[in-house]
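Inspection log for the structure reproduced underneath, given as C-alpha cells.
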C-alpha cells in the first residue's frame, strides 16, 4: 500500500495542523494571508520583509480592469450563477502565455541567464551580454516593453524601491534593473521594464518555485476576480457585453477550411 | 455604444489606479493581500480588526491535506504540466456543495434566519426557535456536526475568540454560538459547531457578499493548492495515486442502464 | 487494498477493450460517435432509431452562435492560446442553470411529474393537472416559452417528428406535447415548447441518466466550441470583443458594499 | 460599432440556421454527430468516408479506463455534485501535453516534416531523413513507442486499414507508416506506432486544423468522461479513491524550499 507524505494540512480528532503548526493556536489570528501563501509554497516561514515584497507583487497583479479574464468570469457567472467556482475557474483559465504569463517567463528567463554570469562581472556588463545574445537569437526579452505605459510602468520603480527598503534586491532584480539600463545602447531604442516582469524577478529573488511563478499571478487574480463578481452583483454589465456581441453578429457563408 | 462602469483597475499612459487609489503609491507595499482581497470584494477599506478576522478565516480554510480538490490538482498537473492554471482551476471546481460549500450555506442560513428575530429576543431563545423550526422541517443546520472533530473543532473557539478580541461578534456569530449552546436540549444530542460553519458566520458578520462566501473559501484554497503543487514538485505522489487506481481496476461486464 | 470495477476502457499488452468489446475490431470503423457516446453513458448499445433521435438532440444543442459560452471560449483562447483544453473547459463552465440548464430541468421535471399519473388518465387530462399545480405553486414549467421564437421553436416539431418516425415517443415526450396543447386554457396565453425542453424530454425517453442530461448538452456544445475556435483561427473576433469592453470602461468611484 | 462575422449558429424569430443550413430541416435527423463536429470545425461537409475515419479516431480516443482525467472527473463530481459542467471541465483540463497531447504533437510534427520532402522522394527514403534528423537533434518522434503495447498498438493497423478502405491515406499517414517501417534500421530497436499518434496523422490527413487536433481528442474524451460519471452514479468508487489517499497520508516535517 503506498503512503503519501505531506507537510501540509493534517487532522486528528482533537487537532488540526498545517505546516507542522497548530492551525488554531499558531496560524489563525497570527499569520497573514500573504504570509501563509508564501509559507505554503516554500514550507519555510518568510520574514516580514519577504512578506511585504510578496504582497506588493500580489497587489500589482490582482486586477487590471476589463481584461479577458475579468470578462470571462462575469460572462460565466451570467450563464451559470449557481457555480461561483466555475466562474472563477473559467477566469483563471485565461491565465496563460499571453495575458498573465510574462511574470513567469521573466523570472525563468533571468534565472536561466544567471547561470552564465562570470565571477565579478558587473551587472551592466553581464546585462550587455544577455541583451546581445537575445538580440542575436532574434528573441524578445520577457518583461521589456509595454503597449500602454510606454514611458515607464509605475509599478516597476515602486517594486524596486520596496525590495531595496527590505534588503531583498537579489540577482534576478539586479539583472533586470541592469537590462533596463543597458538595452537602449544595444537595441537602439528605450523600452520600459514592465510591471509583470519586475514581479517575476522579485518572486524569483524570494526563492519561490520557478515552475509556479504563474501560480502566484493566479492567486492574485483570484482576489481580483472575486472583486469583479462582487461588482457584477451590484452593477451588472455581463448581459450588456453578451448582447453587444450577439446583436452585432453578421451571418456569413461558411468558408470551408484546409490547413495551409 | 454601451459603457461599462468599474471602480476596479484602470490605467492610462502614466498611471494605474485600483479602487480609486494609485496602485503603485498607495497600494503596493502598504496594503496586505488579505486586506486587498476584502477591499476588492466590498469596495471599502477594512479596519485592522476586520482584516485580522478575515485572514483567520482564510487560514482556517486554506488547506486540509489530501482532499479531493488537492488530489485533483496534483493529478491534473501530472497530466498537463504545461498548464498550472488548468491544475488550479480543476482543483477549484471541486469547491461545490459537498466539500467547500458549508461556509456559504451556513452564512446564508444564518442571514435568512435573522430576518425573523423578534426585538429584544435573547440569542438563546431565538436560537431555540431556529433549531426547532429546522427540526420540524427535517432539515440539517449547516455548520453543525463534524465527522472527525466529534468533540469540537479546534478552529471554532479560536475564531470566536479572535472576533471577540476585535469587537466583531455580530448577529451571525451570535446566533451561531447560541445554536451551539441550545441545540442539545432540542435535538437530544450534542454536535460540534464546525470550522467551515463558523467561518461562514464570521464572513457574514464582516459584511461580505453572501452570494460570494464560497468565493472566499476558494481564494483560501487557491493558496493551499499552490502549496500542494509546490510539494508535488519536490515530493511527487500523483503518479502513485494514479497507479494505485489504474493497477487495481477490475474489468466487469457492462450493466446496461435505465433510470429508476 | 480497494478494487475499482469498471466496464469502460481496459487494456493489456495485446488488447484494448471498451464496454466489453474489442476497441480496434468491434468499435473503430463500426460504431458512430453519437452511438458510442450513448453506449458509454448507458452501457447498452442503442438501436439505430435511438441513435438518430440522440444525434438530432445533439445537433439541436451544438451551437447557437455568440452565446456567453462561445464568447468565453474565444476570449480564453485569446488570452491563453497554449491551452486549447483551457479554452474549451472555460466555455463548458457556462453550461449551468441559465443558458444550458433547461434541457436537464425539463427532463427532470417531466420525470418527477410522471410519478403522479393515474392509470388510464389521458395525456391531456394529466397535463392539465401538472400545469395547474405548477401555476398554483407559482412556478414556471421548464421548456415552456422562448424569448426569440415566440411563435414556435423550429426544433420542436422536428424532434417530435423524428421520434415519431423512430417509434420513440415515450411518456416524457407525450406529457411535454400535452403540456403544449393544454397550457393556454390554464395559463391564459400560448407559449411555445422550446427546443432545449423538447431535447430534455427526448433524452429522458431514451433512458439516459437524468442526473447527466446536462452532460449531453455539454457534449454537443463541445463540438460547437471547437467550431467556434476553428472560426476564431480563421476570422478572429476575440480581440475586438475585448477591446469593445476595455475601451468603453468608465471609471467610477468605489461604492462600498454591504449585503442588504 | 464592431461587427462579428460568423457562419455558425444564427437565429431569427422563425428560423435557426447552422453553417448556412436550416438546423431543423437539414441538420437534425440527417447529420450524424461526428459528421456535424467535422463540419463545424472545417465549415465544409465531409464525405461519408471522411466521417468514418473521423469517428474511428474519436472511438480510439474516447476512454482509456482510470486515467488521471477519469479519476479527476469522478473526484470533482464527488466533491461538487451540483455541477456536472465542473466535473467534465476538470477532467478535460488534464488533456495537456502528457496524457492527451501526443495526437496533436504527432500531427504537427508530421505536417512540419512534410515541408522538406523532395519531389518524387519515396516515403521510406524521406522517413529515413526525418528519423535521422530527429535522432541527430536528440529528439523523440511523437507517436513512436508505447509503455504497454510494446509489440504493437491494436488501434494502429485498424486505423490504417479504415483509411485505406476509404481512400484517405494522405501524406501524414504515409509518412507515419514509413517511419514505422524504417526507424529500426536507424534507431537500432523496434518501437510500435502508437494509437494516439496514428490518430493525429489521420486527423491531419482529413484537413482538420492542426492547432485544434488536441480539441478532437478532448471531444472524444468528453463522451468518455460522461461514461465515467454515469458509471460512478451506478457503482461509485470516487470516495474509495479519496479515502485510499487520505487515510494513507503520512505527516512529515516541512522541508523549506529553494529553487536550485
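For reference, chains read A, B, C and D in written order, and residue numbers begin at 1 within each chain.
Heads up, the rule we're going with is that contacts are C-beta pairs under 8 Å (C-beta built on N, C-alpha and C of every residue); 3 or more make two chains touch, one makes a residue touch a chain.
Quick caveat: nothing in here was measured; it's all calculated off a predicted structure.
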By label order, what chains touch subunit B and subunit C together? A, D
Chain pair with the higher count of C-beta pairs in contact (A-B, A-D): A-B
Expressed in whole Å, how far the mean CA point of subunit B lies from that of subunit D is 37
Report the inter-chain centroid distance for subunit A and subunit D in whole angstrom, where each centroid is the mean of the CA atoms. 31
Taking each chain's centre as its mean C-alpha position, how far apart are subunit A and subunit B in Å? 24
Show the residues in subunit B shared as contacts by 2 or more other chains, in ascending order. 1-2, 4-7, 10, 41-43, 65-66, 80, 82-83, 85-86, 89-90, 93-96, 100, 209, 230, 235, 241, 244-245, 249, 255, 257
Along subunit C, where are the residues that touch subunit B in the complex? 1-7, 10, 17, 19-20, 41-44, 80, 82-83, 85-86, 89, 93, 111, 204, 207-210, 245, 248-259
Complex contacts: residues of subunit A adjacent to subunit C: 1, 65-69, 71-72, 75-76, 78-83, 86-87, 89-90, 93-101, 230, 234-235, 238, 241-242, 244-246, 249, 255, 257
Subunit A-touching residues of subunit B, taken from the complex the two chains share: 2, 4-16, 18, 22-25, 27-29, 31-34, 36-37, 40-43, 52, 54-56, 58-60, 62-66, 70, 83-86, 88-90, 92-96, 100, 148-155, 157-159, 161-162, 165, 195, 209, 211-212, 214-216, 218-220, 222-224, 226-231, 233, 235, 237, 240-241, 244
